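What follows is chain A paired twice: with chain B in the first complex and chain C in the second.
Let's look at the complex of A and B:
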């Protein structure tokens, strides 16, 4: 159907000026500044000097430490995203199907962790998971364990913390993406002889895949760039790309290297985005 | 292609949602093997709830559903072997036409070669051969409707349920599909329950019509019975157009409107009030002086028919004439006419016959 409204490219451009300005000032300029920073030569003690060198990038791509770091980051993010998906999917499906006046309230409840700062939530997890925390106290009180199980300052703690912090984003993106799911389709499958499980596998799950890809992409990106949770719950023992950037920028004061790692992370994001876009188109068919 | 036809019995079926009146209440209905029954009623009358209870999508609060003597009431949906066509067709958007039709067979563990043959047969039945690899969204409304029908029939169901399957089609296509559904149903001899709010559709398609009102069965009968001898004023109003006139019996027992006696078949005790109902095509218009005196208030030309509205002392009715009949052509708004009808065509209901 033809759109009869006269197109007004001038007006559209004018109206998007604030957005363009915000993106330029808040994103493009800092990224350009980072890119410039990443090719400055480094000097001991963190003295900054203007210049041109590829040393940082050479180090990044030759030192096996960074390869391990990248792998660890990808692994951790994938695990946390998968956990958030497994926990968030049933919640989103339940909320999507709910026909109750409490629906809005329950959706708000599902995303209200976003109202609390990540630092506070991380400390909350330390209280729960720590050696003298609730879980260990309970298990010891029940006589199930002699020594506390290490649940923080390691990968377990970071995974739990990341999963929890991703959950609201996952639930929201799944909810937004479940639009194609129609109760009538599931009912039709049931009348055609599909058990509830087969109905889920053949109808519900395939139709929710676009939502799954969307939610997983968003959460994966958030997880890779997450810094507070790995830092606090990892206790300095869980090394990831994001924590390494912090380390280089604020502890070692090697800004050019920190900038180079950040640029590498940005490249990684682009790859993930393109792959996700392709996948999205495939599953949406 | 063959399909089983079962004998369906609904016994004391009831659905109570906990608030307000029950959606369906004390519904008894027996549908013979191979019969085509329409559940007809306005929205909210419980017809769709009844259909969904038969399918197993809604759990009855009380009562039983028997198919060939087999109690279905506690059987889960997927073990009932009932084919259902949904109002919006509910075709699986992520599957091709052939996969949609094959779905029910796959769920039954039918061998791949047999599935291929039966899908081809079902698509041929609904004249969609060649559309196997299309996606539902690449089909027109009528074609989607046919796929839904093929998908429901390919499993050789004991019972076919149709939930307002024609309401999303335009008028011309609706009439075409009406004939097609009837023809396929007859050919397969499959017991069919059809839910509709369109009385013309019910009259044209069904062997018998179950008119529902507020969760109850108001009347069950052939299209002729329901149209010509409605059991209640509600049925009379809902099935076809009708004029309703408030009348009271005079001292001689004859019903009168505004003091003038009107033609009806029976006598009533003096003083009783009644509603006299007459189909528009039975109203006769003649020279003033004969029967009730009235004046023409409007003439509406609808194409096939012309509707003539007349009003008299304490009543107003609409008469209908086929446009092939030229007797109405001399009439003009404001003209005085005599209004009458054959006594045999008047339906007389005691006042409050609807229980309102």
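Let's look at the complex of A and C:
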């Protein structure tokens, strides 16, 4: 064989059949079911009927509450993604540069929060951030405050919890992206007399931008769909699209409205993906 | 002597033939955790002792709405025979045809039920009555709170857990706050919302996780809203540290109904179970085990247990009647006001 393309064109298609089947069964069918559910009529109390109506979408686009929810979701996700980037970037850079036999262990350490369930981690944050938690006790012990500062059961708590849950994903994406960074370029800049800061700003940072865009996209998507952390750390004060879907589906029983919000969220995802794809190409050039 | 023996034999034959008519397996779906433990102990095990040919499986699947969700997906082939869930959700199931009507001839205990336990059109009636209470830390809150009005005490600032709407505890809190504001919740909740909005900043959490009782015993809160039955159990488990208050403003019933799933594969045994669960014996035992008020008015409950439920004459007089079917019509508008005015403080 002269080239490494498969000799039979049908082979590639045949080989991808299992993947296609898995995606259709695991993703497309549920989404289609959701789309169908979102146009079923409901009666007060959540009584579900078979039929066709656009009521849920009308409500979604006319009730200003859902615009507020969307804005709140975007804001919260952007903040948490930015925080994860600010914390994760130095960690990733440090791990990437590290030449030590402990490197693998430290990388594992950076992603090991993923081994613990999100629920357990959220409860951990309640212990740390609560009125009688470690942080408030320390601040009080140091005489800096005389009343506890509320760090949980509000937006602060959710931002902290989300940032922490995104951090391993951000670190991993950045590490993968930094792998393509040629260390020779940094060394060249330094030998040519650039300060460490200048080297970072002119060489390292621009070259790592594709990884930054990739990591931020993944984290943003995870943050928008995160539901356990906002629910456990928000104290009922942090209302987002994801928590609203939960409430409509599992508290007020309005499945069609929950499905309609989920479809809107899916549309939002597509927009973010397209935008991130464009940005990725732009920074790569 | 011979006659007596013959009668005994006849009675034995009759009872075994009744027991034989009910056989096989049924699945009862209800709440998880402590409810499952206590219900199994007080009702399911004695039922199986009485009907040895019937095996009862207990299946728990989250809250009432999640249970109805499970039943919706099993519509073509129900795996559950009997479901115990909140009346506001079982009403939806009744309208969707998920639950079947009961045959009064096969469920004679229906005649003994409290009038408030009856669900219209012959659908599954109430099997437990619970009510909204305040729970507090007896070591930290002195003097003890006496009602909802005490939550505005500045000493409690930041230590309150108040389950907000759409949780049904939030609906009960709205009704009580309306009473406090001297208005009729059926026409207006303006006064209630205004008061709750003032309370907002003092509330540590509007969604206590996992629940208010645990957060009080874990030193995160000192006062919270709750349901009586679970609160009474936590009171006993904490050796009295968790105090339970029947609010002086009154309270609202949370009602669980027992329902026969339409298309259940063992209707005979399912009906027998429902009859048993509504009967005096099971009602007495479950009230004395978990402090849900009985729905069977003829059940003779020990005074010690009845005084810890809403069924005592004194408490019963203070209950505020609430039609949960009516609640479904105003729930969304109340919920919006909670979110915008009480929680967001706008």
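Some notes on this structure:
We take it that the second predicted complex is superposed on the first by the 278 of 285 C-alpha atoms of A that agree within 3 Å, B and C clash if a C-alpha of one lies under 4 Å from a C-alpha of the other, contacts with A are read in each partner's own complex, and residues count from 1 in each chain.
Just so it is clear, a contact is a pair of C-beta atoms (placed from the backbone, for glycine too) under 8 Å apart; a residue touches a chain by one contact, two chains touch by 3 or more.
Because the structure is predicted, anything quoted here is derived from the model rather than measured.
The superposition on chain A brings chain B alongside chain C with room for both.
By the touch criterion defined above, A:232 reaches chain C but does not reach chain B. In the overlay built on the shared chain, the residue A:247 is in contact with chain C alone; chain B does not reach it. Of the two partner chains placed around the shared chain by superposition, chain B is the only one that A:184 touches, whereas chain C remains out of contact.
Once the two complexes are overlaid on the shared chain, A:261 sits clear of chain B and of chain C alike.
With both structures placed on the common chain, the touch criterion links A:203 to chain B but leaves chain C unconnected.
Set side by side, chain B and chain C differ in how many residues of chain A they touch, and the one touching more is C. In the superposed model, the vertex angle chain B-chain A-chain C (Cα centres) comes to 150 degrees (nearest 10).
Of the two partner chains, chain C is the only one that A:48 touches; chain B does not reach it. After overlaying the two complexes on the shared chain, residue contacts for A:194 are found with chain B alone; chain C is out of touch. Here the smallest spacing between CA atoms of chain B and those of chain C, following superposition, is 48 Å. Put simply, chain B touches chain A in their complex at residues 55-57, 76-84, 86, 88, 90-94, 103-104, 107-108, 151-152, 155. Across the complex, chain A meets chain B through its residues 180, 182, 184-185, 187-196, 198, 202-203, 206-207, 285.
Taken together, the chain A residues at the contact with chain C in this complex read 43-48, 65, 126, 130-132, 148, 150, 153, 231-232, 234-237, 239, 247, 249-253, 255. In the complex of the two chains, the chain C residues touching chain A come out as 62-63, 65-66, 68-69, 72, 88-89, 91-92, 95-96, 158-159, 163-164, 166-167, 204-207, 209, 219-220, 325, 328-329, 331-332, 335-336, 339-340, 343-344.
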